[in-house]
Amino acid sequence: MSPAILLLLALALGLAGWLAARARAWTFKRAQPGVRLAALPSYHGWYVALWIVIPAVLFAMVWAALSPNLVLQSVLASPAAADLPSFGLQRQTMLAEARNVALGNSPAVFNPAAAGLVEPFRTAISFYNWIGLAATLVIAFLGGAWSFLRLRPDFTARTRVEKMVMTILLLASLVAILTTIGIVASLVFETIRFFGMVSPIDFLFGTQWNPDPMSNPLNPQGDRYGAIPLFWGTIFIGAIIAMIVAIPLGLMSAIYLTQYADPRVRAWVKPALEILAGVPTVVYGYFAALTIAPGIRDIAVSLGISNASSESALAAGLVMGVMIIPFVSSMADDSIAAVPGAMRDGSLAMGATSSETIRKVMIPAALPGIVAGVMLAVSRAIGETMIVVMAASTAANLSANPLESMTTVTVQIVAMLTGEGSFDHPATVSAFALGFVLFLVTLGLNFIALRVVKRFREAYE
Amino acid sequence: MTVVHDNLEDTEAKMRAHDVNVFYGSKQAIDSVSIDIPQKYVTAFIGPSGCGKSTFLRCLNRMNDTIPAARVEGEITLDGENIYDPKLDVVQLRARVGMVFQKPNPFPKSIYENIAYGPKIHGFAEGKDELDAIVEKSLRRAGLWEEVKDRLTDSGTALSGGQQQRLCIARAIAVDPEVILMDEPCSALDPIATAKIEELIADLSGRYAIVIVTHSMQQAARVSQRTAFFHLGKMVEYGRTSDIFTNPLEQRTQDYITGRYG
Amino acid sequence: MTVVHDNLEDTEAKMRAHDVNVFYGSKQAIDSVSIDIPQKYVTAFIGPSGCGKSTFLRCLNRMNDTIPAARVEGEITLDGENIYDPKLDVVQLRARVGMVFQKPNPFPKSIYENIAYGPKIHGFAEGKDELDAIVEKSLRRAGLWEEVKDRLTDSGTALSGGQQQRLCIARAIAVDPEVILMDEPCSALDPIATAKIEELIADLSGRYAIVIVTHSMQQAARVSQRTAFFHLGKMVEYGRTSDIFTNPLEQRTQDYITGRYG
Amino acid sequence: MSDTVISDTPAQSAALRAPTRTPAFEKRLKKRYAAEQRFKLLGLSAIVFSVVVLIFLLATMTINGIGGFQRAEMPVTIDFTEAGIAGDANTLAGHEGIRTLEAQGLPATVQYFAAETLGDEGAAQIGTFAWRDVAEAIQADPSILRTTATFDLAASPDLAAGFEGEGSPEMQALARSLAERGLLEKNFDVGFFSRSDATNPQEVGIWGALKGSLLTMAVTLVLAFPIGVLAALYLEEYAPKNRWTDVIEVSINNLAAVPSIIFGLLGLAVFLWIFPNFRSAPLIGGMTLALMTMPVIVIAGRNAIKSVPPSIRDGALAVGASPVQVVFHHVLPLALPGILTGTIIGMARALGETAPLLMIGMRAFVATPPDGLTSPATVLPVQIFLWSDEIDRGFVERTSAAIIVLLLFLLVMNGLAIYLRNKFEKRW
Amino acid sequence: DTAGGGGSRESIRAVGSSTVFPFAKLVSESFVRSNPEFPSPIIEATGSGGGIQLFCSGVGADKPDMANASRRMKASEFETCQQNGVTEITELQVGLDGIAFASAKGGITMNLTPKIVYEALAANPYGGEQTNRTWSDVDPSLPNEPILVYGPPSTSGTRDALAELVLEAGCDTNPEMEALKESDKDRHSRICTEVRSDGAYVDQGEQDNLIVQKIENNPRAVGVFGYSYLEENADKVQGLSMNGVEPTYDNISSFAYPGARPLFIYVKNAHLDAIPGLRAYLAEWGKMWSRGGPLADIGLVASPDDVMARNTQALTQFPTLTAADFQ
């Protein structure tokens, strides 16, 4: 029985239980007209329904995981399975084919040798289907009966249903923790493995990044794993060039929009900025690689800078900066808005002009918020992947010339992991160490920034 | 409609409002108010909440310009010049007509910078020394000097509420205004701080034309020489403070000061 | 410490508080208050702002439970049952002790749904007809039926402030409470709406035990039969309203009602 | 008030300075206003710059992309009665059909008639798979085997480039001569919306990637929306203030800012470790993106829930509603528009996401649309990334066309979010 | 489960050479359109070396069925395969290719020799320090332009072919090196095949397309990639001659061009019956690799007739590769 059908069945049983329990509650009510039930009849319904559905669904899930194996065992025990090849993959594929045919997912087997298995599969599947069905029914019935028998006029069904609901809510919020644990665990585990192959000193302080995925994994040549050029490239593109573009433009946009712009202008420009923020990074990357990077190289060459690279750090940084503008602008917007109007009034009442008020009072007052916003923007920029993958290069260059090509941490993560190299090789695993560094840095930036913002908000509340 | 007492000896009017109406969008908040604000006196605006005191006060230095929905009609003059004349410069106007707000709003800068801000932007001081002098003088006049002279670099927001309010007054004084408007300057303060501010207002009153909005009739009686009573956007009665409180000519004024409503 | 007048004829006490203390974190907001709330009378809580009237009122239907920092000590009974008994169901308690808030807070649903909500969740109505009847009865009792009967599907938030407040009272009545708590129900309303609500309270007073917090002594005098005066978290004096206002036994009560502070 | 002393005479006055009425002040004022204007202009130019970049970007994509919705095709008339290809609906149906036609020499037939119509040189430039288009048409309607039919067959990429005025001079000349005879023209390429990835830019389509995106988004939505909303409700309405909830909160805030590629690493290390055979599958992609989207929904949800005024909760509690009833009867319905807005924005972000999907193998070449959540697939942004690496001029247009499609989707989603936000922006 | 467990898989998976990638893609497209009953093969470009590494990591559903390679499997790799249980492998030569040196149309032109390339690109030419910055440093007759070569990474077969067919040949023009080959094989191969990493040689990852784009945008850069890319982009880039021989179809087909080399696909025989459609997919290769066939249209140089015949036969017989084949 497919899990979906079992699920539907459980839901149908739940509905039946709901109706029955509600009817039962009504009979209590009719039996003693003056007396209030401790809970609405529908809660009695929900109580029984949950007691039917949750165990049945849990069972269905377990059964869905178990039954294929049971079916398989019984098929393997059948005589038709005797002449299955011993090679695992082929064996599995034949079994899978036969099962697919038996389930009606495909019309026929490709491998004629598997044809004989279809019938055993059919028998076994229907046998275990019946068992599954029966067990689901029994479990649903037991859950239903047990809960049904507990119904009384004074039974606090609502409280119990609500407890179950609360448990579900709590479980949902735990997913966030699980995700964090998942991230940290997967990064830490692989990073430790990487540091077993390459020394952390070499990795963190080396200045040559040139991993060779074809080298002998047992002799990883630690001096090829110096990540300094990557860190530098990341900072240069994401935290320097991009910010040189994004901070002034974002800040000035926010100032203009909040302090000067006509509401009608604002009504159009704000969504336009939001569109700029909503453009996928792969589009920015394409734009950078196709339009900006060659343009910058041509300009540089025409200025006589002949060694300008066509995948310059500048191109990637500029486009990344443009991508970040709306982000900075909205953070600055929020921070400026959080400054009490009284500050502004105070300054205006002194006879300051708007720009004096903004520059000398509003911005300094909003500074913590703005700085935190910039930190978040930096964290975003250094974690940005597609723009640099498409517009920066893979060459690890330790240079301060924006016209040269540089690579970043994210580019290297993509490069190391899309080659599908072997997971035993330090070159592949290095991606996780890089990811871990990236994670820690962005985490740190975000953590500090969020705290600063929070304190800043509280200061003005 | 408005009763103006006739025993007001002919003081020089620093500001004059004539038939002023203020609208927020389509809602009228001030209904044809005319009043002379005398030189060198303290004028108090009293009236129940929402009657338009703050609105009218903010007309006097065009702070209403900052509210997009607000629209002012009528004429207000400062030394005979119409302050709503498009040719008139708001910046200059606001430097001449200072304002102190209900909640103390020092800038999140040092005490020194708070005071120096106005003189600096207006370019009143030629050098550091001159600026220092202005700061000291203003703080002294605001009666704050002794309390803060050793910590001028501390943040203005680190002061107590009453000190902050005096800082704001000092800040207003620092640009040498001709009129000072105060919108319920003591409502956020405790009685002791309030007493200090009232003392300060008394000190300053000879030097500037001062207009103060207050909720407390006692305060109006203590600090002002003239009182205007507002009700529902109209100015109901205007006269010597002593007369208004002891001898109001209007029933509504009488009702208000005896606590029938408000 | 608390003066309870001794001429209170022995009315049945609907609710009894005994030695109630309330803390917000470490701050004590109510200090050993004991009081009997009589059946079928209107009891007014008066006192200066921040004295704990609202806090105490919210103890009576455990609305304080929603404030995480709040902690209640002592005993409060409703018909002899301790309402802070862990076994007691708060939901049922709140259905028995209804509450009306300072600012009218209708649900953003239709007028009908506003009233029907309580009866529905408590299962008071078997069908649509019964529910209709409850809605009509509650709106009639709240004196709102004539005004809204033709637009029961309009949103409750589309009514005027006074109507909204009567809607909230109707909503409270709809679940047939035994006690109705009102926390300054008229402070957001204009005098005409206030008058209507006061009338309504008078109408309802024979049927329910009503407790009303008010800032206005006039209002307390108009609507209540019993008055408790609170000050700094303590109940200073409790007695017949007429006695409290004409013949207070405590100096602080005297000071307050004659306007010395507050 | 009787004890208050009222004085009618002001204190001693002092001489008035009038520093604001000096010429020096006026002069400084002029400068200050100039500075004001400059500052304002600076702000305006920042805005204008951003808007211009946006317009430039959109314009570049549109100009490049419009051509991507068309392809160069050549009309070829085939007289099947002469060709000797036979078959009926039965024999041509299903998997065998194409092979039957191939065995009967359909490729040669097409080539022959192409040469008839276009000349040998032209016939050499019909696409490699042109006969397959004919075969599919025959499968769809075997009756045409008894007639003469004209097919618009895709030109080879070289010829298409020649038609654009690029590539080798011979091709340009050939294209010109064919075009003059009306034998080569650009037609709207409906197939672009029904085909999948291919080697040849004339043969590519976005349906495979689009379907992959839709499947992936479905998984993301089904996982992230309920979990996000329930978590938001829990945190905002019920969570006690303790260390645990702090941990949850900090995790969510940080997850919202973790670079997307890290989620890719998580998907690779955890999901693909659990399900090694679902590499490249929308299921894994959707799960990875769901983890990324969930914090966005939680944060938006919490803000929406927070903005429901407490007085509503009080009102409901006071008539005896339980906390769960308060939330599900009142808070959730009122917060829903805000939650939906956040969800749409989160989904739009997920739809445009590329990097994490590269990590879990959604970049492989797959020639057919995925037929389920577990079959290998790619998604629209990854397809754009892959095509952007192709050099053929034809791919530039196709890439831009795919970008236009993606941007349209995102515009619609963001527009919907903005609309929802404005429509339901309530002030209580 | 026995050997190679990990469940079953429906689609064919091929990894490996980026040179073979476009051909494999085209075959795959043709395959799915002729055989709609089979799911589309999944093909990834990981470089020949990377692909063979994966291919040899075992049999089973989570391991690829095929490796595409732009060079022959090495004996050491075969060894690894055997150790990991990939014992039965069929080698299919699908055609020929050449490592082409190219520059943008109108860009730098040179007549290269293996010796020049070696001296320009070696990390330590003849064991000494690499001091050449411009081509004219290598040979005064060459243009005075900085050496900038975009080429494949170490996972790539093209890189191996570059090392073997060009660099080593250039290196061995020096008799000392020739001698070193006998005395110290390791040292010889390090000196002769290691490529400089100071930026003059830029490894572009497994994306030959990108190399084409890069040199198209930079007239002074030289790109190294498979001949098919050169042919496909003949309107944008030009081939540089080697030893005076142009990289053309005929010169490669006749092995007159020094960089000519065969292209292979490797199949696990064990998967032939396990993966639905694998045989049909291989048959599709056979249909398309002929001279003038669809693959030739996109730049594949057909194998000599005898080789083609042998491989066509292998498509049905699947002869197992043995260690002896590597002697």
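So that you can tell them apart, the chains are marked A, B, C, D and E in the order they are listed, and the count of residues begins at 1 in each.
By our rule, a residue touches a chain if its C-beta (ideal position, glycine included) is under 8 Å from a C-beta of that chain, and two chains touch if they have at least 3 such contacts.
All values derive from a computational prediction rather than experimental measurement.
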Co-neighbours of chain C and chain A - touch as defined: D
Central chain (distance from its CA mean to the mean of all protein CA atoms): A
Rotation angle (°) superposing Cα atoms of chain B on chain C, nearest 5: 175
For chain A paired with chain E, centre-to-centre distance based on mean C-alpha positions, whole Å: 37
Distance from the mean Cα position of chain D to that of chain A, given in whole angstrom: 17
Rounded Å distance between chain A and chain B, as computed from the means of their C-alpha atoms: 56
CA centroid of chain C to CA centroid of chain E, Å: 87
Multi-chain contact sites of chain C, meaning residues that touch two or more partners: 91, 121-122
Shared interface positions of chain A, touching two or more other chains: 158-159, 351, 353, 356, 420
Two or more partner chains touched - positions in chain E: 6-10, 44, 61
Chain pairs that touch, as defined at the top of this document: A-B, A-C, A-D, A-E, B-D, C-D, D-E
In the complex with chain D, residue positions of chain B that touch it: 40-42, 89, 91-92, 95-96, 121-124, 175-176, 178, 202-203, 205-207, 217-218, 221-222, 225, 240-242, 245
Contact set on chain D toward chain B in their complex: 1, 4-14, 16-21, 24-25, 28-29, 32
Footprint of chain E on chain A - complex, ascending: 85-97, 110-111, 113, 208, 210, 212-215, 294, 297, 307, 310-311, 393-395, 397, 405, 415, 419-422
Parts of chain C lying in touch with chain D, wherever the complex brings them together: 61, 63, 66, 68, 91-95, 98-101, 103, 105-108, 117-118, 121-122, 157, 168, 171-172, 174-175
Footprint of chain A on chain E - complex, ascending: 1-10, 15, 44, 46-47, 49-50, 53-54, 57, 59-61, 146, 153-155, 197, 199, 202-206, 214, 217-218, 270-271, 273-277
